[in-house]
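Each chain gets a letter, A, B and C, in the order it is written, and its residues are counted from 1.
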Amino acid sequence: MRLTSRLGSAGLAVYFWAFVVFLFAPLVVLLIFSVNKSATPTLPLSGFSTRWFHEAFGNGELTGALLRSIAIALIAAVLSTALGIMASLGLLVLRGRAAALALTVLLLPLVVPYICLAVGLLILVQEVGARPSLVAVILGHCVIVLPFAILVIMPRLRSLDPAMNEAAQDLGASPLAALRLITLPLLAPALVSSGIICFVTSFDEFAIASFLAPSGQPTYPVFLYASARTPALLPEVIAVGALIIAGSIMLVVLAEGGRRWAERRLVGQTAGSGPLTAPDSEQPATFAIGNG
Amino acid sequence: MLTGPADRAREEPAARRRRRPGKGTLVLPPVLFVAVLLLLPVAFITLYSVGLRTNIPGVPTAFSLSNWSDFLTGGGSAFRGRFVYSMEIALLVSVAATLAAYPLAYFLSFVARRRRYALLLVLLAPFFTSYLLRVIAWQIILNNDGVVNSLLWTLHLRPKGSAISWLIYSNFSVALVLFYTWIPFVSLPIFVVLENMDHRLQEAAADLGASRAATFWRVTVPLSLPGVIAGFVFVLIPTTGEFITPLLVGGPNNQLFGNSIQAFFGDTPDWNYGSVLAIALIVVVIVLTLVFGRFLQTDLRTETRPEQ
Amino acid sequence: MHPNEPGGQAHGLAARPGTGQVSLVALTKRFGSFVAVDSIDLEIPAGGFFSLLGPSGCGKTTTLRMIAGFEEPTSGRVLLDGQDIARTPPSKRPVNTVFQSYALFPHLRVFDNVAFGLRRAGVPRDEVRQRTGQALELVQLSDYARRKPGQLSGGQQQRVALARALVLRPAVLLLDEPLGALDAKLRRQLQVELKQLQAQVGITFVYVTHDQEEALTMSDRIAVVNRGRIEQAATPQDLYEEPANAFVADFLGVSNLMDATVAGPSGAGAQVRLSDSFSVEVQRGDVACRGPAKVVIRPERIGVEPAGSPGSNRIPGLLTNVVYLGSGLQLAIQLASGHAVTALVPNTGEDAVSAWSPGMSVACYLPPSGLRILGGDPPAGGRADDPANGAG
């Protein structure tokens, strides 16, 4: 007996695909109206035009905001990935209460609402006598994406055979060289994932940026929000938005494909199984035994 | 929570130790980073909420619970009301999203066996696009002259220019957009738990004569409950602090608690009162996290690697 | 591998003469309150195949790791050719390790794995290429130089690990149960090859295992480790034939340990009472002691004869179980003295095999030269590694 009847399976499939349509509908709407001639996103469509793209990229404020967000996201991604590596390496060694405490603190940003963190940072900036700045935005973004970096890097790190690090030292590498030559290259897929997640999250972050970006230097989400309430700017916003949406989807597909490719290349797999881990007694070597 | 092949070496007879890459002290920079940029701000917010610091120059700072009492008991009832309203919306959205996501996860795990990871990616892909853009897109769809209304006009189902009033700047629009945003995210933990379930259990139930419905309700659902609750909590916690969606698709009566906080730090700055609201929200979130904490256990054991 | 290699220098990987002697002096390792290695003294001669044998958790791997440098001793010294290396970091010791999991670097090709240590040492490129090639030739993997470890079988990976360690011409090579992950047949084949390899290069091998058969097959000398202490260190033959105590006797094969009482002298040996009705003459072991003691005899030394056979040192018994091993028969016998023993009878043909069946009465001949007295518990005469006991 199948777990779902034919009718049930068909029904579930319909439900699933209906939801997929529901989920993609707004994205498709953006794509459609980005090439719509009229300045108001309304039906019926008034014809094809790429004018909004031209106007968007001719808009200095918009491109400025875009570039600002890209720069901030890049820096935040690199910085938080580095911090994530440090945190993961440290957590690997720590035991018991110290480890639990450290992990709790490091994952706390996942729980605190962004609006609270944003106002908190605003207060902090004021208290130390500084002014809202893009540096503050970068730091704020680092805090919120650091947990993601750790959540991506740490499992990968834990799955590495610790004997490899010992072997590297046994063969004459200093602990630092072992880290550089063995551990980090093997972490590469996780580092890439971490970078992408951190970048995307930072790029789209609104709360902290809205409070900490100096006026006149908005990040892209801040600019977007302001423009969304200005009908005149809406079509440009939609045009760039469509590009970003298309880009994000492509990024997701590429990231997944790229990750799988990197895994295969990393260990030269022909059989498609996972990277080498320490074989324990329950797990005899799974490879075909050749002629030795 | 913290085990891997590396840690099996650690937990073996104490004689087995491995020289790991890195030292324990390496956690210090990141921990200090978070401490300064998260714990310290929260500490400051607390100070502001009890009047020990203020942003208004010239006002004396002294410990005072007046703002707190105002919020909790006194004339601050408008914000209390909004607080309750926000929790209601958050609960509504979370329940709806969890219920709607379950069949999606079930479909992926039990029906679409071979392509389930690819389809999961399809389901999750919109979640990886810009949140702000998605809300703006809904604004375009639900607007008074947006896609839905103008479609009805074009099809002559409604007189031109007459918009459905409850479509935007309403409870409906806020709830719908929040629901929309979180569906993919909720499916994930449910999918994971359904995947990890030993499907032979269902086979065993069938062997023992249970009907499909009975197998589902008495085997599958109870065993998948941890994932369901995890998904529910994954939505509930962020939604309580939500403020972007109401800004774009909500009317003046649909603003959420997060918007109130925002207002006190932006438009009409009263950082002391705003801090009270912020702390209240943080407390709620922490309570929720502690209560539902065990369902949020992240398995840092190994990376989930989808089969090729 | 080619043991009769013309030119005889084992591909330039031979041991430097006069190196590779290891001494452990009062070596101790504590983890909190748990004592993993309890003040052991051990001499590992240069150029031989030395095994540390013992059950899981006995401290043999910890000892190995202290020689390698992955654990710092709580106290005591690790001497390599006379120099104390206990505080030297592992990267600076002329000691290399083959790990249980091989620990090959999955992102590097086989060639780069083997060349890793050479490059770390700053060896010039041409020499790296030459020596790496030699090492790969030695383990017969020259054709696999460009592959990644993930594309190799378990046995091949083990060889790469070997080559990677040997190419550095260490004074001592440490092997931590390297054959554990392989199936039985491959393991036996590699045991032989490892032994031949060691003979070829002449480097001191220190091999950790819990498999007594493996240790007996490969080693020149074995140290039996139990609960952080050395029970006995000797050649395989001495360990098997002359175990110092019950633990060693029982760990290496079946010991047929029997509780008995040493009554008095008898000829060159002693008269031992197995029970009120049965006594035997024992010629080996601690024949001078008196009183309660343990007696051992190896299964292959027991003669199983039809019931009622005449002669001394014969005990009647009941055959309780017969196991067909292929190469012989394993007979479980309940002796009339109250002891249960296991005897091994070679398979000399159909008649020999079919002669025995459970339930038969038999007579067990325990030859005086096959019996050995171990003394009471703890082993009589003090610690087993006391030179006065014939160990070390």
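Methods note: a residue touches a chain if its C-beta (ideal position, glycine included) is under 8 Å from a C-beta of that chain, and two chains touch if they have at least 3 such contacts.
Fair warning: this is a prediction, and the values are worked out from it, not measured in the lab.
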Contact-richer chain pair [A-B vs A-C]: A-B
Chain whose averaged C-alpha position falls nearest the assembly-wide average: A
Whole-Å gap separating chain B and chain C, where each centre is the average of the chain's CA atoms: 60
Between chain A and chain B, centroid-to-centroid distance (C-alpha), Å: 17
Chain A-chain C separation of Cα centroids, rounded to whole Å: 54
For chain C, residues that touch 2 or more chains besides their own: 70, 90
Residues within chain B bordering two or more other chains: 18-19
Residue numbers of chain A (touch at least two other chains): 161, 163, 166, 169, 182, 277-278
Of all residues in chain B, those that touch chain A in their complex: 2-10, 18-31, 33-35, 37-42, 44-45, 48, 53, 55, 100, 103-104, 106-108, 110-112, 119, 121-126, 128-134, 136-141, 143, 145-147, 150-151, 153-154, 180, 183-184, 199, 202, 206, 212, 215-216, 237-238, 240-241, 243-244, 247-248, 258, 261-262, 265-266, 271, 274-275, 278, 281-282, 285-286, 289, 298-303, 305, 308
For the chain A and chain C complex, residues of the former touching the latter: 161, 163-164, 166-174, 177, 182, 185-186, 266-270, 273, 275-279, 281, 283-285, 287-290, 292
Residue ranges of chain A touching chain B (in the complex, touch as defined): 1, 3-5, 8-9, 12-13, 15-16, 19-20, 22-27, 29-30, 33, 40-44, 83-84, 86-87, 89-95, 98-99, 102-103, 105-109, 111-117, 119-124, 126-127, 139-140, 142-143, 146, 150-152, 154-163, 165-166, 169, 175, 178-179, 182-183, 190, 200, 203-204, 206-207, 210-211, 221, 224-225, 228, 237-238, 241, 244-245, 248-249, 251-253, 256, 260, 272, 274, 277-278, 280
Interfacial residue positions of chain C with respect to chain A in the complex: 68-70, 89-92, 95-97, 99-107, 109, 116-117, 120-121, 140, 147-157, 159, 164-165, 168, 180-183, 186, 189-190, 193
